[in-house]
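Listed after this line are the structures, all set down as structure tokens.
One chain, chain A, appears in both complexes that follow, with chain B as partner in the first and chain C in the second.
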Partner chain A sequence: MSSSANLMVDNLGRRTLKDKFYKVLVVVLSIVTISPIVLIIYELIVKGYRQISFDFILKTPPDTFEAMTALSSGELIPGGIANGLTGTLLMVVLASVIAIPVGVITGIYLYENPGKFLANLTRNVSDVLQGVPSIVLGLIAYMWIVKPITNGFSALAGSVSLSIMMLPMIVRSTEETLKMIPQTIKEAALALGVPYYKVILRVLIPTSFSGLLTGILLGISRVLGETAPLMLTALGSTMINLDITKPTSAVPLLIWEFYNDPNMVDLIWSSSLLLMAMVLALNLISKRIAARTK
Partner chain B sequence: MNSDKITKGVLLLSSLLILFVAGGMMYSLVEGAIPAFKSFGLKFVFSNNWNPTEGKENYGALPFISGTIITAVAALLISLPLSFSASLFIGEYYRGTKLAKVLGTMVDLLAGIPSIVYGLWGFYVLRPLLIDLGLPNQGFGVFTASVILAIMIIPYATSLSNEIIAMVPNELKEAAYSLGATKSEVIFNVVVPSARSGIVAGYILSFGRALGETMAVTMLIGNSNVIPDSFFSTGNTMASVIANQFGEAEGLKLSALIAIGLLLFLITGIINAIGKFIIKKMA
Partner chain C sequence: MNDNSVTIKDPVLSIRNLCVSYDKGKYAVDNVSADIKRNAVTAIMGPSGCGKSTMLRAINRMHELYENIETKGNLILNGKDITDMPTIQLRRKVGMVFQRPNPFPTMSIYDNVIAGYKLNGIRLKKSERDDIVERSLSDVTLWEEVKDTLHKKGSFLSGGQQQRLCIARALAFDPEVILLDEPTSALDPVATSKIEDLLVKLKENYSILMVTHNMSQAARISDYSMFMYLGELVEYGKTKDMFTRPKDRRTEEYLTGKFG
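Then we have the complex of A and B:
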């Protein structure tokens, strides 16, 4: 009797110990999980902050010889990434112009026709599109735009690849947001005899606006740092270019070029720091909007 | 009345456009891949000889297919304990607390870091560390690429599984607690079994992500066109070979790269469809 009671106590001790062990393990591994983000941002700031200045935003990169001269005399590399910033802006805006209307309208279609065969098919296809690797989208834009339409690498081709990437995210977030609107609001508008397009423009879109915006901003922040599809489409340019039929640079493309040029390699950290700052700002803004509406 | 019809037509058209884009992608990839498959047939998939030299041109994708699968599986295995712990932290141990929110936000931010920045960090921070630990090939190779890939896919597995874990009904857990179970026993005997399919779906989706990642892998895997013979040897993935060799590609070589793109499209499509199917079956 007493021996079996002892055994239970021992057993409980061992079980509690095991329980504690797992908790510590989970906490430690969780800290390991998030440490890369801290380490990466730390690395970018420490190595990149010195280069950040107005020149860095307003000027184009030096040629490799200028960079070498500056390096050998121990100065900061002159110039900046203005061509990348304008190129990124141009392509992301163009991609948004293509993806947002199609994405939002399709999201509304999915919400309005639940259970229909075509809606289910579109939803599934859009889910599959979301998983397509970005480099494949680069190949597609190369075959669709670079070869037949612009006869060479172009900002348009880059935008098309980015827009295909954004599209499924916007479709998804639009449908999910609309599902949260009370059905009665829409019914009230329809009961008043409001035409269908006005119900969409004046009721559905305004009431779900912050949700739509969150989805769109997250989509933009995802494509902002994309490099692979742009290597196959926009290629890059040493000058500021706003012609969508010409090769255009982008911040991630510049980082790739700097990385491959031993004279310019110092510029990767400041460029990445700026890129990360843009991505994180968009991320945090969209989270803030999402949190406020909840 | 008429305007309603037009509106409905526009909605329908936009949704058809997405189907059209997806169908067009499939069509273009197949069309572009035909010359490669015509020249090499099924040998394109099973040959390990990738030789762009003129006159002796031969393209076999096996080194890249195997490289892709090996790095993605390794990345999944490395990320498993990490994302599983993070989702338990957020969904169970510290559920609803500020600490869980902070951790969740930081995990989400991992998904926001551009692939090329992961590549730089892997190249300049992780690689020297691995060289010091005695890794061959200047620290390049499957292992280095997998470690970075593992970090990159953590948020995809974590965000889905912590939601599912948090959704496990309290009654189930309370029943186990009332029988005297400890927290870890509740987790392994109640929470994990009832959230199993969601957790699995999360890992499948993150595996799909790992298959298609390009820049970070390109910068770290060493880019040699052979089947990796060990965990620490160099290799190439399907995505990285497209990124590497696209610049100088025309004719048959271009077609071979497009064919690799087609295979990658199909593999990731199937993996994602499986993941989504499991999620749908749960709902």
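Then we have the complex of A and C:
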């Protein structure tokens, strides 16, 4: 009797020890997970905040001599990354215009025909696409757009490569959010005699709207910082360019250019800070939207 | 053979040799024939899986949406075969209320009531809309409770209120028949008794066909009852007769709680 009671106490003791161990482990692992992002943001703010100003958003970068002069007299580098910001905006908007309709319609198709051969094929291909290295997508856009269509590097080519990157994310999030809508909501509409396509357009899409938006925003934030495919497609530009058939700059391209110019290298921190802020903002917004609908 | 000896004059709906199968050769509803009385509550009872929902859904042609489901037989609504009607016309005449309250989550209470018009693109004047909303919500005794919050989302209501909203949504189309599939099984006793009272009141203007698992509910509010078993209509008659003198042994066993 007493020995079995002892055993229980022993077990209990070991269990609380185990519990403690796991608790500590979880806390340590959480810190390991969180610390990189905290350190990155800290680093960017410390090294980049001095450059951030209205000029930084509204002006184009200085040439390397101006930067050198400023550096040698101990001043801040003049100018900003307006060409990169406008280029990024232009290409991301264009990429969204291409990827959102295609992605949403494909996602609806997958949702409607879950078991069909073509749907399974599409779903698998889309998953594979998600894993294709972005530089390869840049090459593809180079072959499809730069050479035959715009006869040179262009924002359009950049947008196409970004849109291919966004596509799988939008397809998947559309399918998944639609799947979460209870079948009964759909049947309620059908039982009112509403034709099928109207049920999709006017009931399913509005009901899953925030889910769709979350997927789209995450897709955008994913491509916002892409550099590799843009090097082969949009190339870059020292001026603000809004012509989609012409070479165009983007914030990540500028960061790469600054990095390669010893006189401008100080600008990488402020540019990265701005880019990081945009990505974080998009992430937070999409999280908020997702949370509100739960 | 089925014992469906009731004769019903001028039925609102005639079910003739209805068969529905999900898998080829296996009938979830097996050769059911019955006439449904106008302005009355008809209850459909039977153990789980006997085909009650399947039969109900055949009446507004819900099964057409799924390729693998096969429906045979005839359903005649006011002398007209329902397969000859456009679905929108049929579903305006035959409203449906589901087991779980399912208001459209993105729509306000107001829009939920007139959802049938809105989603079908039927244009109404503002005054007509207001009238329909007030009349339908009053019919389900929800008007007083929600008249000041009509523009709030329907999903904020309690379960019982949501179910009454769903009934109002069906009533807004001014149907002739209302199909209800266990409309109170997700509700508490108070909400349930409100819906029961409502159905008794509604039968003055509508014909009601209701699936229920709850025998005392069927006894309380229905005029006619069907008992189904394994897809067949075993017994059909006046509720009073069926509960006091069931003709079929299986009905008797079900009603006395021997199975189900």
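To be clear about the criterion, the second predicted complex is superposed on the first by the 263 of 294 C-alpha atoms of A that agree within 3 Å, B and C clash if a C-alpha of one lies under 4 Å from a C-alpha of the other, contacts with A are read in each partner's own complex, and residues count from 1 in each chain.
Heads up, the rule we're going with is that a residue touches a chain if its C-beta (ideal position, glycine included) is under 8 Å from a C-beta of that chain, and two chains touch if they have at least 3 such contacts.
Since this is a predicted model, take the numbers as computed values, not measurements.
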item	value
Chain B versus chain C as contact partner of A:40, first or second or both or neither	first
Dominant contact partner of chain A by residue count, chain C or chain B	B
Touched partner set for A:167, first chain B, second chain C, both or neither	first
Chain B/chain C common contact set on chain A	195-196
Of all residues in chain B, those that touch chain A in their complex	3-4, 6-8, 10-12, 14-19, 21-22, 24-25, 28-29, 32, 81-83, 85-86, 88-89, 93, 103, 105-110, 112-118, 120-121, 123-125, 151, 154, 158, 182-185, 187, 205, 208-209, 211-215, 219, 239, 242-243, 246-247, 257-258, 261, 264-265, 268-269, 271-273, 276
For the chain A and chain C complex, residues of the former touching the latter	182, 184-185, 187-196, 198-199, 202-203, 206-207, 209
Residue ranges of chain C in contact with chain A within the complex	60, 62, 65, 87-92, 95-96, 98, 100, 102-106, 115-116, 118-121, 166, 169-170, 173
Residues of chain A that touch chain B when the two form their complex	15-16, 18-19, 21-23, 25-30, 32-34, 36-40, 43-44, 101-102, 105-106, 108-110, 112, 118-119, 121-122, 124-136, 138-140, 143-144, 164, 167, 171, 195-197, 200, 221-222, 224-228, 231-232, 252, 255-256, 259, 268-269, 272, 275-276, 279-280, 283, 287
